[in-house]
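What follows are several structures.
Common to both upcoming complexes is chain A, partnered first by chain B, then by chain C.
Presenting the complex of A and B:
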């Protein structure tokens, strides 16, 4: 009951306060929210779009679960996602011409994972060697990666046969197959498998226990003989690799190409989601549904009601704030009761 | 290569470096004050953005740059007061609250901008310039360094003030204690929470001013997400400056140069894709961190809430 309240209350508060902002701007918040709900979840097309959107979100979230449980703040997922996406978009159309389709896809996914992981090497090194705060360094790498991705699209991997700066389009037949005659592609299966795998690794293996020890108390972990520097690298590689995989899945499943200046910026939005789930891998799935509905429904509402997507950012920020606040109040109430 | 060394290129570069560096300087000084007191202020990006928006709106509506700067500072302080409430008073996680404030400020300012200006996209007139007589006509550096808005000179002056504050006053000592050993400050009878609150609010004002400068003087208009990571660069500056304000100034100018290189190169007729140039400041941050990261230093109690009696 308490656990439910600790999740539901912040969500309601965030919806309420953001709704007041809408009201102040002369929009009807109830109309907006019901439009988001019906377009994001209750129509067949919306539901399919929502499930499709869940794939990249889940993969990023799975990566953040690993890093947050290990006490590492990898906030550079946007750069990792985008770079891996661009590399995938450039590589896969070439690969499918050389090797069989299934091998091409598997190779692309492996490369995407490696690209994401490689982009986290510097923050991992700075954290492990000099103790420099990884929030800043991973964010810097993210800005750098976003620009580099653009450079790659416009200069290195540009498809000469079109006027728009974009990579060569992967034919629809070569993309990730769709499931059961819907528009949902099979990337969602990869994403769910990744989430389950992360859950098993973090809760059932010695490696996961080591990561969680570092997260709980790095000094104690070093005392216990763990190689904290090595685990820091491993955490970053896993977390960034999963973000890279998210980029690949989005390209192979939905986009088929990367256009210049394309940046969906899922990264910071997923952070509050992982907090809502209290870093619990399986818990992430439910909240990803909620976030995907918000995004898909919000996109539709922005066209129909003239409320731009920026609103979702405000809503998510408020959500994170109220989450922290409700946690604090809950914690204090428990302390009060304990001291009585 | 000769084309690069012409006078017009150099003075454009210097002028642009100062214009791009001043917001970083203001925010970096602010972040330094926060960090000294033990608060890692990740929300500074949101504070800058709030300052940009408020500064632009007020300067546009009242036709006064000065009012705009005041509004920018106040808006930054308003966001900072939330940070102070949540992180200092209620001891919530500084990183979570910082991200939350940045996201909210990004969303809210972009939303407000959409409803007010998305059809008109108004611009401000050129900001008033205070030329320093005698110095502004020196070849090459004169126009670049001494023909700026008055707030630029104030910001540079502020470096000296903050340095003096840190070294020679009790305020500086208290801030340092709040970040190094808050319990000792508490034992000496100084209110740790008040010291930290003051530091966070000051950061907000400075970051807001920096943001307002970006919108009013730098760009002449407000664009959603226009700070584009400047707040985070300011955090790096504060981190590398190890508590010395003068280093923040030097760092801010260095990053200002890399930010202004695009315009200066265009003036010189060199065609480099903007995306390549946009990578420069961030590549430089990373490079500087890899080379000098060993020497960065942060107070021991940074990021930790102070709860009296807790061990």
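Presenting the complex of A and C:
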């Protein structure tokens, strides 16, 4: 009961305060929230769009859960996502012509994972060998990755047959299949499987325990004889690989191509969600649903009611703030109780 | 500096030997209570401190001694209770007010500014508006030096002084403005045996001048040797006192018994029956080590890389036989940590060799050393010994992650891991609500039991202990020492690193002394050991 209240109370507070902001903007918060809910969740089209949106978010979240539990702040997921997406967009149309479709898809996914992982090698090496803060290095790599992806789209992988700079479009027939006659593609299954796999690995395997130990107390990990450098590389590779996989899933499932300057920037958006879930893999699913509803519902509610798109970010920020506050007050209350 | 010259003529201690004259205490504490979130640090404490007396405050870590001292020094305010100084009720709202009342405190950790000279440190705290006048300060300095019987260069930078000298400057600082009460918080932890003796002499001189001295310690031997009055604190309460007259008539053993009684109640007595394996002198009874056979461990020329802020070891060589306990003495920071780590495989030796049972094991990390039978119990229980947020069960197997039988092909068999933990908890009497409790919630003593269980269960051939009883209460201290001696009797070689000489005397066969990263000498643990070790600790040859 206590645990539920600790999550619900901050959500209500966040919605309330954000509602006040809406009022200050001259908008009706209740109208906005009900619109978000109906268009994000309660209409059939909205629900499908939400679930589709969840696929890349969940994959990135799975990667961040691994990374954060191991105490490594992989903030380069945007670059990893985009670069892997671009390479997938360039590679898959070519592969489809050479090998059977299913092989092409599987190969593309593997390559995407590898590209994402490769893009994290430099921050991994700097951290493992010199202890250089990965927050800075991974963010920098993200900028580089985003720019490089753009250059690749505009120059190397540009489809000469179109006016708009973009990669060769993957025909709809060759993209990830839709599920049961809906518009939701099977990438969501890959995403959910990834999250569950991450959960199982982190909680039930020796490898996961080692990662968690490095994250909780690196000195104790060294004392226990763990190879911290090797585990650092492994963490980056897994985390960035999953971000790369997210890029591939988004291209193969939804976009089919990468247009120049396309960057949905899901990577950093997912970071607060992983914190809200306290790095718990299965918990992240709930917050991701919540956020996807906000994103999809917010997109159309914004258009209808004239609320800026970024309001969704305000809401997430408020949620983080109130969650931390409620957490702190609860903690103090427990300490006071114990001393009586 | 008119105030300075006045002070120069203020006698220390107010009226000499007031105890028998009017019986009024220099400090009277009544009903002192102080709470912090989750703990009552001082619970209704009543204490009398008399002039011309050394009043020992004895108690384990966590008993509330430091909090009480903080209140007297003006660093904390009690939640309830009253303080009377020389009969007047007072409120010590800040350290300055404490000093004004004549209460001087020497804390456990150095409060001097290392880059300033001795005299400059002593002059700190004077009025900011007046120009510095060294003359009167030097006069006062000489007066106090004579009183304490020390000779220190007033113009030496504090950083260059030895630890014992720094402490003497701190005592001077506490007495600078004419203190009638001097509080010393665990002053002997960093001193050589000679240093401890000298401190005792200084305290007695001050006492004879009429200063009331409060001496805080957790060491029984010092309490008996120096105390005129002993008060015992336990879990925030004053559980008893032995006053001057009683103390004079009791032997050290009787005092110890009485103190243990106060600390643990009647249970303490029965537990203590088997708690002191050493003889009357507190020294280990010599054991027979078969030195004609090949040694178990042989270090030759082991050197580690120097790092900023740490003391590396240089050219360390020694032999160790099965069943032998080698004590490593030395003031903190002389390379003991590096030695422990290089033995455990946590740190690479940049030159030299480590040979275990004829096999060169110099290369190879922690996992390899464990495999070969070397266990390491670190001094930093929270910093590196355990992961606070992990359960007791996980910590118990932290060095075996991935290995059968608790792991199968990399999959954690949590049921088996928890069963294993329950067995260990039972066997080693680890007090914890459950095996799944985060280990940070356990007391220091129980965390140490977890570490002991983890390392000793694997039946190692050699165990390295780094400060095994640091921060532990009396019972757990005795337990740890017992384990060491018992283990040695069963043929396990032990290396015990400690800065407490009576601990090393109680368990060691030989004692080595580390100084500036080198092994300055190894002496057998006999009657001459203390004196020789004291010399070696200062860098001299024994």
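Note that in this section the second predicted complex is superposed on the first by the 340 of 340 C-alpha atoms of A that agree within 3 Å, B and C clash if a C-alpha of one lies under 4 Å from a C-alpha of the other, contacts with A are read in each partner's own complex, and residues count from 1 in each chain.
Here, a contact is a pair of C-beta atoms (placed from the backbone, for glycine too) under 8 Å apart; a residue touches a chain by one contact, two chains touch by 3 or more.
On a predicted model such as this, the values are computed, not experimentally measured, just so you know.
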Combined model on chain A: chain C and chain B, fit or clash: fit
Geometry of the superposed three-chain model: angle at chain A (Cα centres of chain B and chain C, steps of 10 degrees): 70
Touched partner set for A:223, first chain B, second chain C, both or neither: second
First, second, both or neither for A:325, with chain B first and chain C second: first
Touching partner for A:2 - first (chain B), second (chain C), both, neither: neither
First, second, both or neither for A:143, with chain B first and chain C second: first
Of chain C and chain B, partner touching more chain A residues: B
Shortest CA-CA distance in Å separating chain B from chain C in the superposed model: 7
Where chain A meets both chain C and chain B, residue numbers: none
Residue ranges of chain C touching chain A (in the complex, touch as defined): 35-40, 345-346, 365-367, 370, 376, 378, 380, 383-390, 394, 398-399, 401-402, 407, 410-412, 414
Touching residues (chain side chain B, partner chain A) in the complex: 40, 42, 82, 86, 90-93, 95-97, 99-108, 110-112, 114-115, 224, 228-229, 232-233, 235-236, 239, 273, 275-276, 278-279, 282-283, 285-286, 289-290, 293-294, 296, 298
Residues of chain A defined as touching chain B within the complex: 21, 25-26, 73, 75, 122, 125-126, 129-130, 132-133, 135-137, 139-141, 143-144, 147-148, 150-151, 154-155, 268-269, 271-272, 275, 307-308, 310-318, 320-321, 323-325, 327-328
Touch list for chain A against partner chain C, complex: 203-210, 212-213, 216-217, 219-220, 222-227, 332, 335-336, 338-339
